[in-house]
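Below is the structure I would like to discuss, written out as structure tokens.
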Amino acid sequence: MWVNMGPQHPMTHGLWNLRVKIDGELIVDVDPEVGYLHRGIEKISEDRHYNEIITLMDRCCYVAGIAWEHVYIGAAENALHITAPERAQWLRVMCDELQRLASHIMWYAAFVQDLGLMSPFLYGMRDRDLILDLFQSFTGGRLTYEYNRVGGVRNDVPSGFTDRCRKVMDWLMDRFVEYDRLCLGSEIFRRRCDGLGVLKAKECVDLGVTGPMLRSAGVARDLRKDRPYAVYDRVEFDVAKADAADVTARYLVRMEEMRQSVRIVRQTLDWLDHHPGPVLADHLPRWLGAPYAPMGNEGYLLKRNFPRGTGFAAVEEPHGEAQAYVVNTGGEHPYRTKFRSPVFVNLSAAKHYMIGYRVADIPPIMGSVDICVGEVDR
Amino acid sequence: MSSPAPAVASPVPPKSAAPLLETEIPLVNGPAVPYVEIETLRAREFIPQAKEALSSLLREQMEGKLLRPVFNWAGRNSLFPLHWGLACCAIEFAAAFGARWDAERFGVVPRSSPRQCDLLIVNGTVTWKVAHKLITLYEQMPEPKWVIAMGNCATGGGPFRTAYSVVPGVDKLVPVDIYIAGCPPRPEALLDGILQLEELIRRRGE
Amino acid sequence: MSNVTLFDVANGLATLLLTGLGSILPQPLHGWLINPNLIFALAATLFGAILLGASMINTIMLIWFERKMLGRFMDRRGAMHVGYAGLLQNFADGLKLFRKHTLRPREADSLGFYAGPTAYMVTSVLIFGILPISTGWSSGVLPLSLLLALAIFSFAPLFIFISAWSSNNKYSLLGGMRSAAQMIAYEVPILLAVVAVILVSGSFDLTTIVNLQQNYWFWGPLFLALLVFVVGMLAEMERIPFDLPEAEAELVEGWNTEYGGMLFAFFMLADYVRALVGSILVVLLFLGGWTLPSYVPSALTSFPLAGIFWFMLKTYIVFGVFVWIRASLPRVRTDQLLKVGWMRMIPLSLLSVVLAAMLVLVRCLPVFGCVPGLGG
Amino acid sequence: MATDDLATQLAPRAGANILAVEPFQGLTARVRFRPEGALDVFRAVHDDLGYDHLSMVGAIDWVDHREVFYIVWSDVTKQYLGLSADLTGDAPHIESATPVWPSANWHEREAWELVGVAFDHHPDMRHLLMPDDYAFHPLLRSFKLHEPEELEVKSRSV
């Protein structure tokens, strides 16, 4: 019997359809069907300015907007041969990690709700709101920030921000203990999640699975360590890793990642406290939105004479490795943008970690994959 | 009887000796009958009359005299939105049910089945691929029902208005009662939209 | 104390009403009204109405209680803007559902679709007719009330399955099958746990069982049976951690996916009626019903309606524990649930029966000392 | 030079199909190859060079021809490598990479759907993002986005 789980289904957390063939309660076959949220971001980008695409990036993945901005900005800066100032790089790292915290907490809330645990959803939303408050204090938005710019970031953090942020980090570290107690301390949780949705390392690599799913299979691959971008080579952190490759392992990996993120954020705050400086590159052409770019004809000329280039960037987004490929043919719009979404690939491997389990296992497995449909469909 | 032809059922069943309800009770002014039977007769006349009177009273009330404000109060204070998430606004939709905003204060409880909902909150970009599913969901909801277009995408396509796959405004598909601006709207804006809808229901007096 | 039942009250009311009315009216109607059969019919109707009203109001307050309590567990406030502290919220919900258009899917089976929820509701409310509430306030006196209550309680899977099957929806069907399997699996341990109580008390009558608990409540000596009974009741009530039939994450709304409006209200109410009945049974069988321990000052037990007060207080506390469990535990899986039911609960309940039998043999309790009257 | 090393490493199995190995911003290098020998190149890159993880497959419409590019990652060198092939003709097609990298499945479906590049011997070529009856390839340059009538804001100041 084929059962459609979606597009309107409490399990999906978004707009996609999991077609499941079941035999009694046993899953025989699955066929994820995506595209319900395909908004054609890559096509729209063809007639958007470089900085206007940032707006689309926020909406591309709505739980990790600023990380996706970073992906795109990395590629665009490569394509346009622009380098962001150091302080902007630190700010980007801080934003990435704060976003990772927010995204993982959102994942936690949704995941435990799928398991039937009701209260932690509310706890998660409560704690996530604190991080969003931080974002709001320097970007003005809760979900969609438009904070990164080609050549830096839009503005610096306000005074007193670092202290507020430290307080939130301390609060979160306490909450993580509570989260663990609610989940790992529960016998039912362990019985439901252990040995579920197993995807071993070899399969992960073959299927292109990245992010916490890969790390939970014992492969310590993290772009922040392996191929440091921005200033990740200057902060200290450990790559979270687990070996069981099941739902519990993914839970453990994400929880550990949150702790490491707090660690990174604390380091960036210390750095930001002591190293004031510009956050946007000088001599940007005016059409890239730099407030102090040369006025008048010069900006126009700069636009026309901008060198061609193709840029590529990869960022360890909360869900996995996100990549952007930006082709610049010298115009004010990119010729082509292409984004690689980690969830897209993780979801495409669904057959390999779902068959053989039961209908009741679908929500925890899918929850542990951490689906964000915005970036799957783009 | 040896007719081989298929027996055609007689359209009129053979009449029984006496219909159950038409016993031979004479009229009131007729010859003397036992007392109880007259009472029965009166009761039999009384029941249809009472039924008529009651139903007309009920109809009158249902049409807005007495119970209508009560039902209106009930309807506007218990709006169950459909629990589904389209895009970014769904995250703010979820946040509105979180600890800080807690939409349940106003009696707003998301239900997963459209049969149990009164309110369709279109929280995100609607693509052509999902359009007919949205219409199905809307049609599966029982009357009376309302629609809130949450966010710029649902209102008019938002930043994706020009895209080849996006419906420029959900009002092309289903009738919308309340539009909420914002990309995405904050949870306060959603709560405000729901309260505006309550005001709308109150004023419309349905 | 004479045992006035709720039906006696209804009967008295009906007699009063009809004789009063009949004495005012002229002769033909007078004779017609003062008629034992009519009085009985009216009394039965009144009885039903009182029962229904009381149970519905209690149930709706129970929903309110759960919503507020869950809100507190979740760091929020729950319903608070409709009526004082949201007290009227559930009345608004009920009225709204009452007015909503009732849709029947085209492919659904009409008879089962409508009869299922109705029968579920009726059987759930019917149990209230049997449960004693307080001394002199029991709603009916039946020598086998415990058995009858449990028998009616176990009708539910049938009706759930009928309504799930007839709504012609895959989720509903899956939910209905789960529900039936689960309820049948947990029926056995519940009954065995009750057997322990019956052994110790020597009676099938709930009033007698409660009266026996004047000196000691059964939860102490029969702790194992209480445990089995509470877990089994959680499964019967389909509450977290055993709410698989309605598991929102995988089966949308479970067996009531296709139901809206009135019929959904029936399901919702009946669920909470069953939750209320479950809590009441726990109180009656193990927590001493309306009695208080003898060392409690008599001022606490002698005010008017004290019995009902303590009884309802205990019931709500037990329900509060159920809500607490709901707020802090994840859901189990079907096969795990059934495994726990058949492999753990039944041996435990058998053990509790054996323990109870030994108690009856020894006629002494480890903590409370030797008690006359134990074992009937 | 990294590019020279790559060229020599690839030579034994796919040398004839390699057009160029050129430096690329953000990647180790980009290998341009002939579409006819795609599978050989994929096998050489996967087996000999150890790039066992396919990150993305994309296609670009350069009006006169179309380009397919692959980004692969090696856990040994911790580097990305780009592969790219130019497809000419009215019905551009290339061999599917799924036998070498199973993860190419959805990427190729998407590339076919959006840019109209056919992948031969693909196990499951269906529409992915668009409805099943969608007849266009929207990421072609000839596919113009039309703005809804009310939205006539053409003149963006620069």
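In order of appearance the chains are A, B, C and D, and numbering begins at 1 in each one.
Just so we're on the same page, a residue touches a chain if its C-beta (ideal position, glycine included) is under 8 Å from a C-beta of that chain, and two chains touch if they have at least 3 such contacts.
Keep in mind that what you see is a predicted model, and the values were worked out from it rather than measured.
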Intersection of contact sets, chain C vs chain D, gives A, B
Contact-richer chain pair (by C-beta pairs counted) among A-C and B-D = A-C
Among the chains, which is located farthest from chain B on the basis of C-alpha centroids?
-> D
Return the distance between the CA-based centres of chain A and chain C, expressed in whole Å.
-> 48
In whole angstrom, what separates the CA-based centres of chain B and chain D?
-> 52
For the pair chain A and chain D, the C-alpha centroid-to-centroid distance in angstrom is 24
Chain B to chain C, mean C-alpha position gap in Å, rounds to 30
Expected list for chain D, residues touching two or more other chains, is 129-131, 138, 143, 145
Two or more other chains are touched by the chain B residues 98-99, 112, 129, 162-165
Among all residues of chain A, those touching at least two other chains are 9-10, 35, 38, 40, 43-44, 121-123, 126
Every touching chain pair, please?
-> A-B, A-C, A-D, B-C, B-D
Chain A - residues contacting chain B, complex | 7-10, 12-15, 35-41, 43-44, 55-56, 59, 62-63, 106, 121-123, 125-126, 128-129, 142-144, 373-374
For chain A, which residues are in contact with chain D within the complex?
-> 34-35, 38, 40, 42-44, 47, 49, 74-75, 78-79, 205-209, 219, 221, 226-227, 286-287, 299-300, 303, 309-314, 321, 323, 325, 327, 332, 335-336, 338, 340, 344-345, 348-349, 377
Which of the residues in chain B come into contact with chain D in the complex?
-> 128-129, 157, 161-165, 168
In the complex, the residues of chain C that touch chain B are 28, 32, 67, 71, 74-82, 86, 88-89, 91-96, 99-103, 248, 252-253, 256-261, 264
Contact footprint of chain C on chain B as seen in their complex = 35, 39, 70-71, 73-75, 77-78, 98-99, 102, 104-107, 111-113, 115-118, 140-144
